[in-house]
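Multiple structures follow.
After this come two complexes, each holding subunit A, first together with subunit B and then together with subunit C.
Moving on, here comes the complex of A and B:
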């Protein structure tokens, strides 16, 4: 857990300890050059696959393929600058309705799946947070939904949700799960939660296992029951881990693509997410609006990430490691709330 | 806190021990029910895929829990040739393999720099690398699709491998950095005092020590790349170059009612089985790798 390594007493250390550095050390010019050399390939590739697409999408979103309007769908030479029209069009007319629907679907899926996953994941972790026989087996089984490719899981659930499939057989209904409508949303949510709740469960379980047993012993001696222990010890202490897990899931759910694409299909109104809409637009060679949707999705993701990190203090980069030393103080604070 | 003697619940000095015991028994029972429920929850859908894949086409809609009669017909058909599924598996292996290797090589250098060297903007660079991992796939795909069309990369392996690095590199850098930070610096330091250069200390001391972390990162990166869908779907339209996840999503009959479900399930099992085997063998490492970042 502790990542603070002792300061290397290098013979040529001239400088004093640097401010806000856990590891006081020197910053010799050679070291900086070496770091630059080692990091440059990574940063170069990331510039190509992240920075370039971002800038390129911003630029392309200001243009529009003129031939995209006639339904023949071939690439035209003419591409005209339309300013922010691709963005303003998101709120008017037929394409606007499609965008707003995709935005609503994305938000709806994100809220419902992450809420369900968190609750279920917590329950999984609580059930597994004690020694029992066959723990290894259970942990392996909990990893299987996580390891199954999302595309395969979409296929698998489409089979389960067939009109004469096992789901309808088991609950004795005749629901057309994969047809348009609310049941298609439900099918996507069920499949998504199945696949990802174990992931949250695993992360939370790992967070629970670093809570020292003595804390519980002390609480028990003080007469705290199971619920009290859960509310005053377990939850406050796993909160940092849980926040990181929830943040990961939020960002992942916002860009959901594979599952509705395979389970229900492309271009279905009831499950179309922003990713699917942008993909469909670029498939129709309307790169301008596709880029605009991609930018909006990126901003949405970035906004959620920033709000989450700022408001709730999710510690993604592990920069607050030092605080674990003050966990006791934090627990007391959490109790007071 | 550490001075408190460990007491089992029955030894607590307060109220009636009998009631306590009874409650404990009830709770243990409930826990096991819960654990069994988790087991079924996780495995039942996968089991259903497995069972369905071993049915004959004629009785694919049977609901018996064991295929009767047992048939490998679907597996034979999957590799028939018309679907190019074998080819797709090889493609997946190539793409995921090269992605993993490239991400690891770059990731090891970057993680070494971040965990062992002192330089300016270190936390900014780490923050940027981590932040890139939240970049939505579609925002990478749309612009690169256009770029790759212009430079003639559509329907090539590199058109999948390069965009895959957008999620593989942050994953690798983050995991490896966490792992290397946790390794003691003393040994490298001793090596350097004994006259090793930084590079030698890295190669001969740190790298062998970090091998388990590198291996864990390799497994995670490989699984992520193997499961990748949207990039492979967008960059490739030649069936000869499709990866397995895309190939099986396109295993459809002429209409929805003719969909070859048995074959789809068999293909799904084939794509998943390597991952399940990895999970069974390396579960400890995978869990460690998944959780190391989140629980520090």
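Moving on, here comes the complex of A and C:
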């Protein structure tokens, strides 16, 4: 944190210009307090919408609802503190098997869908980046799957994957897509990729369009073919955008809920994800274990995000750009001196 | 110097954040209210207080319920009833009702509950027991009264009811020389053998119900067990699915799949898919609810079976009569509403025979009064009512358990495993018994 903070400026450096233009990233004593004051509403809102639900869920996950009945058949009221039992129970017995299955499904869906989407999205972007007739139309039409609400596209695909639906007609088979089994997973993956590949495609396209044409021109003059241009220019330059897009998709896919829920149905082991499990628990009024599942999912998502940012250096907030600019500014000044 | 101030700010910020979060958590945290609820319960039993109330219900597309409410409102200017509509999905309705009960909100006064929610709501004290003589229960179908009771106390006023029907192709049965609808599975299988031998029925399947992993599977499984003379839960509320009767019921279904009586894709069938298959002439027999009747008789060309189908009660297994499960809705009073006297009067009025009859003009939902279901004038409009009544006289409520959600999940899980041949019926039932015992022991 301190490494990027440059040395404090001297207000009246002898011979220097008036300190109107301070170096970016430095502030006067009063400014800090002012900044904190101005930021406090934001912090308060963040505390309300992020910290409070999180801490509340964490707190709730340490309790378990009484489920016994008294002699008159009424539910015993209240909940009891059970410590980490909601968490340890996730790994044993029937509910443990269900949790591990949901965890495996979530991971499997995330890896397969994001991989397929990235490949497909890149191809889409490459296709859309070329100048040809009807390009605007293609771009708009590619957005449609992404613009359809997930629940609606779930219903659409449910039609397609019905036993007498168009999917079975086209491939001339009798696959029961919405029954338990691997084909249900495949159905979810197909629908999910169809829906979100355009998202990656459009983000990557935006990244491609800021690559200056001169770079390609130079490459062509140097005799680089299409593949060489792709590998040495397009992909490296589009990488920051692509990483951000993939990160967003990863986090989204980990929370997958509505598509398997609508397309295949709740309670189907082959497609049950962590979110569905948490929903099911809360639906059965077991808020303690539902919170525990939600917390685990949160930690999982957070872990993936951190690993992704650290290892691959996905530049989410654009901090790198700022840093480079700063560095550039500093060297310029150094040169000027 | 700045360095220190910097970290102090962060520290302060974090502290403020934590404190505010903790404070908020403290406010929203545990709210034990045992004694208070007890008192409320006692006071509520008196059904006091008059004034405006809210009626919370699933959507009523027919407008019949609104007519009844308008009539009430015209007569009771100081005790107006407002109709609050909930989402279409039953799960979401339940969720909203439960949430409102948990925060003890007085917004919802009269609740429209699915019959399977009765036990859960009663056991959690989210609805009030009704006074003994409040309703003319002796003139209602006994199974509907039973389904509105918890531990022999009436908690809800039966509003409308629903039962299973067996739809069959009269034209094909006639062509094959079968003169009466089957009373049990053997007769049905025999009839199918003859029908499917006909050239025009070559590509058809015999029978379908609803076998996707869904509430409908619980219904179909419960009916199979009941039709074989068994019960999913006995009168004391103990699970009894490891019995020979339950095995006979489940085996009937798995064998029907194995032998091809039921089309293999019926494992993905809910009500709609089965209706479509029957309507397009792919099935000889279909188990479904009364509501598909209007689709099957649609004369706009969408149905291939207009005037070609008949209705009977669901078939039995062996020597036992066919048993339908019971659907439908009850009205109950929330203990958290202010105007309980009005609420009670309103449900008496709303579920009265007179109002039920008035609603028949617009709505095909079956009233709970046998006299109406047999009324010749009504039967002319809805010819399936007498069969439905017959079906309902044998009807069994679905499991009456407090943890209905977990119970139905366990039943679906194991029945589905047996139907997809992942487990033998014996194994599935043994596992189901174990799960249900665990749930009812809690």
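As a working rule, the second predicted complex is superposed on the first by the 265 of 337 C-alpha atoms of A that agree within 3 Å, B and C clash if a C-alpha of one lies under 4 Å from a C-alpha of the other, contacts with A are read in each partner's own complex, and residues count from 1 in each chain.
Convention: a residue touches a chain if its C-beta (ideal position, glycine included) is under 8 Å from a C-beta of that chain, and two chains touch if they have at least 3 such contacts.
Predicted, not measured: the structure shown is a model, and the values here were computed from it.
Engineer: Is A:268 touching the first partner subunit B, the second partner subunit C, both, or neither of them?
Structural biologist: After superposition on chain A, A:268 lies in contact with subunit C alone.
Engineer: Answer with first, second, both or neither: which of subunit B and subunit C does A:115 touch in the superposed model?
Structural biologist: In the superposition, A:115 touches no partner, neither subunit B nor subunit C.
Engineer: Which partner chains sit in contact with A:79 here, subunit B, subunit C, both or neither? Use first/second/both/neither.
Structural biologist: In the superposition, A:79 contacts subunit C only.
Engineer: Output check: A:206 vs subunit B and subunit C. Expected answer is one of first, second, both, neither. What do you get?
Structural biologist: A:206 sits against subunit B, while subunit C stays out of touch.
Engineer: Which partner does A:298 reach: the first (subunit B), the second (subunit C), both, or neither?
Structural biologist: first
Engineer: Report for A:32: first if it touches subunit B alone, second if subunit C alone, otherwise both or neither.
Structural biologist: both
Engineer: Under the stated touch criterion, name the partner, subunit B or subunit C, that contacts more residues in subunit A.
Structural biologist: When the residues of subunit A touched by each partner are counted, B comes out ahead.
Engineer: Under the stated touch criterion, which partner chain does A:43 make contact with: subunit B (first), subunit C (second), both, or neither?
Structural biologist: Touch status of A:43: both partners.
Engineer: Going by the contact rule set out at the top, does A:136 touch subunit B (first), subunit C (second), both, or neither?
Structural biologist: The answer is first: A:136 touches subunit B but not subunit C.
Engineer: Please work out whether A:173 is in contact with subunit B alone, subunit C alone, both, or neither, and reply first, second, both or neither.
Structural biologist: Neither partner.
Engineer: Which residues would you name on subunit A as touching subunit B in one complex and subunit C in the other?
Structural biologist: 1, 5, 8, 32, 36, 43, 46, 48, 52, 56, 162, 164, 283
Engineer: Okay, in this complex, where on subunit A does subunit C touch?
Structural biologist: Residues 1-2, 5, 8, 29, 32, 36, 40, 43-44, 46-48, 51-52, 55-56, 59, 63, 67-69, 72-75, 77-79, 94, 162-164, 174, 176-180, 265, 267-268, 280, 283-285.
Engineer: In their complex, what parts of subunit A are in touch with subunit B?
Structural biologist: So the residues of subunit A in touch with subunit B come to 1, 3, 5-6, 8, 18, 21, 23, 25-27, 31-32, 34-36, 38-39, 41-43, 45-46, 48-50, 52-54, 56-57, 60, 123-124, 127-128, 130, 132, 134, 136-145, 147-157, 159-160, 162, 164-166, 169, 194, 198-199, 202-203, 206-207, 210, 212-215, 217-218, 220-221, 223, 226, 241, 244-245, 248, 251, 254-255, 257-258, 261-262, 274-275, 278-279, 282-283, 287, 290-291, 293-295, 297-298, 301-302, 305, 316-319, 321, 324.
Engineer: Quick check on the complex: what are the subunit C residues that touch subunit A?
Structural biologist: 1-3, 5-6, 9, 12-13, 16-18, 20-22, 24-25, 28-30, 32-34, 37, 91, 95, 98, 122-125, 150-151, 212-214, 264-265, 267-268, 273, 402-403, 405-406, 409, 412-413, 416, 420, 435, 442
Engineer: For the complex, which residues does subunit B have touching subunit A?
Structural biologist: My answer: residues 1-2, 4, 6-7, 9, 12, 14, 27, 31-32, 34-35, 38-39, 41-43, 45-46, 48-49, 52, 61, 63, 106-107, 109-110, 112-114, 117-120, 122-123, 125-132, 134-147, 162-163, 165-166, 169-170, 173, 178, 181-182, 184-186, 189, 198, 223, 226-227, 229-230, 234, 245-246, 248-249, 251, 261, 264-265, 268, 271-272, 275-276, 278-280, 283, 286-287, 290-291, 293-296.
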